[in-house]
């Protein structure tokens, strides 16, 4: 498994990165994240260059991270700035530092060539910081026991809501409505309109709909591992996503899938909604109910990965709804090949 | 490790196979077992041909098993009969189905060439269904952390009762009595008579014997992995197995050893006794006491397998009581070679 | 990883070796330790030569260890002396026996050529048995999830007390004082004097010092895996280790590091002090407080080993305090090469 390297991945929520070092493996690299007293986040290789202790077992001393074994100190650039007991620093003493960017509530990490790290390439998830939208974070990242590619397949094929989430955001007939696949330079889209149908249970409770609704799903997966889903519903014939705010349930679901290893993933997500902006109970519903819903996916994905790992070369068939996911995988493979 | 394929293995107790899918690995294959509303048991490869989710995470819908991820439906023959969202079934869509047979309380699975699956080859354990015998099932199969071959060795060499089961079915002098080994086309027998000796504690309690007993052990192991033990005792000189029913403790212990992997085994067993047929307390004694006794073997076998795995090529010696087990292994190896 | 074989390793505390067999893996070998009724300790390969059951699952019968599966009996020399059910012992029946020596509270095992096993080579830790010193054993050996070489590095570089043990035996300025490295034929020494400095918290409590102290650390690591630390402190200017007994805290910490595998270690330690010989509360302090202190090392070492295992070839730098540890590793590597 090769990853696309010259890009940003979500490393942590901003409030996970504090004066207490945080260990997290990202793209198979052990990384320690911390925030210096001046408020800046830093990410270093989580292995002291001296005797390999994880630096995350050390502590912040001033603006430096001090190793918990022999006290070597490293600045936010990974430079070794002190070795106890001696006045000189051995040549080459230091650990890799990773560029970071903070945006929309996440700390993003650049895992490739540091000179190419351009903060403008962080995904523009402006709904998280806009007065017309109410953001709700999904909490601590899920540790998914599956490849981020399986997770992305999941988010690009929302027919699965009928089977995995039948009790919450699924209705039995979702798959009966066709999808449209779109492609851009670095993204793939999947669109579906479920017209004049019963509301899924969760949306029905949120919107108080009496009758049938028009429901839309517009998923966009962008290289390397970002996904947004614009979803919602409005009374049948009321205009769908263009219906007045007070008549519809509408939100963007923002997903950052960060490979921990080839077969495990840190899954960060948030929701930003356009309705009931001041409603704390609605905040709680998004926080709690979607955690449960996405937890269903996490279970499915782990079982799927385990079964794939048991018989790596097993043949499989594709069906219509796989189009966007397959297109994304091809696009990603080409980009990884080009980078290598 | 190659297994003998063209034969029946016990897959489950009949009451384990219901409308709720049951996942079980058999001969390294993931299998899902279920029973359709018409009462027939079915066994399919436990991996959807689409995206590899275990079908055991799905649910029965009518006579079909529906995948829990994207809703593909499979009939009891493994044919994909519906793909949500499209009117055609992709060519090749389907999963392997395994022939099953139900007999004597077990569901038997055929892991080789389906056309060769002949229900007449299921072992004839008629004691389980005969009015002159009282059957007691051994409960949920033991998950043995050892090869089925080690378990079969165990069941063909009953001298171990003196050491492993000293407090229940063993007495110290069992090994002092010689064994006879017999061979058939597809089976090996071990016979021993322990004459005029104290009764083992458990049999003593069951039979209320005052003095010494004659005890017999007749074990038969049949390819690929079936074993019966005809065992019991009667007062010394009373005729042994031919003693009148009311004077003896007599039962058949029926053992089905199904490889899960090369080094783990599903161990099913039952007992059918010829005495105290209506005695519920005796049922409980067979259910509870033998569970404990056989659990002692399970512990021994796991430790033995672990030690073998630590030093795979370590040399070993054979002793007299190994004769039947070695004969069985040779017979099985020849049959496996012939099949391959 | 090759180990030095022709030498003694600590196998157990003497009171761990009883009539109940004790299983312990030593240098990758499964070993069973037991004590026969005549009081002599014995160590055998923990695998029956018949069917590989760990002999530690058996029991002592007279002066023999009887296998828990088929009852084969082995004497303390590993000879098979009985096979139930037959009058002859198969040629070659037996298991390896390891020479043992008991000294200073430990049972020492010789893992190489038995004929070379010379009890005079057991380390002479006479403080454990001398009326002028009060010994306190460290309790059950720590199971360290790291190579014994990492543990030895730890014990030869006591600058780490400033970071790993800041709350007990460390003070921040230890590393500011230089070390001296010494070499013998089969040992390396590290010496440091921390002059006129605050007492570390634990020593301060033990000695009731009012002002600054002179503190000494003299560590000696001897092939293959023994280490002693002569440590203590006395009021500044009072003579250090030569101060009168009633004015100083002084002890020898004795460490035996026995490889379980290449990356795990049985860590035995004890302390013998020259002060407060009759003080039971001081005994408890040594028993409890040092257990906590050394447990901090155990955590560090496990994290260090895990990080090394993640990236086996990662480069590292050396610093001044590594001198003794590096010298020891070179000495050991040469000896291992010579032995091979």
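When the chains are written out, they are named A, B and C in that same order, and each has its own residue count from 1.
Convention: contacts are C-beta pairs under 8 Å (C-beta built on N, C-alpha and C of every residue); 3 or more make two chains touch, one makes a residue touch a chain.
Just so it is clear, the model here is predicted, and its values are computed rather than measured.
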Take each protein chain as a node, join two nodes whenever their chains touch, and name the resulting shape: line, ring, star, complete or other. complete
Type of subunit A:subunit C copy interface by residue overlap (half), same or different: different
Round to the nearest whole Å and give the separation of the Cα centres of subunit A and subunit C. 48
Hunt down the residues of subunit B that sit against at least two other chains at once, touch-wise. none
Could you please specify the touching residues of subunit B with respect to subunit A in the complex? 30, 46-47, 49-54, 57-58, 66-72, 83-86, 90, 92-93
Subunit B-facing residues of subunit A, complex: 153, 157, 159-160, 162-164, 175-178, 300, 303-304, 307-308, 310-311, 314-321
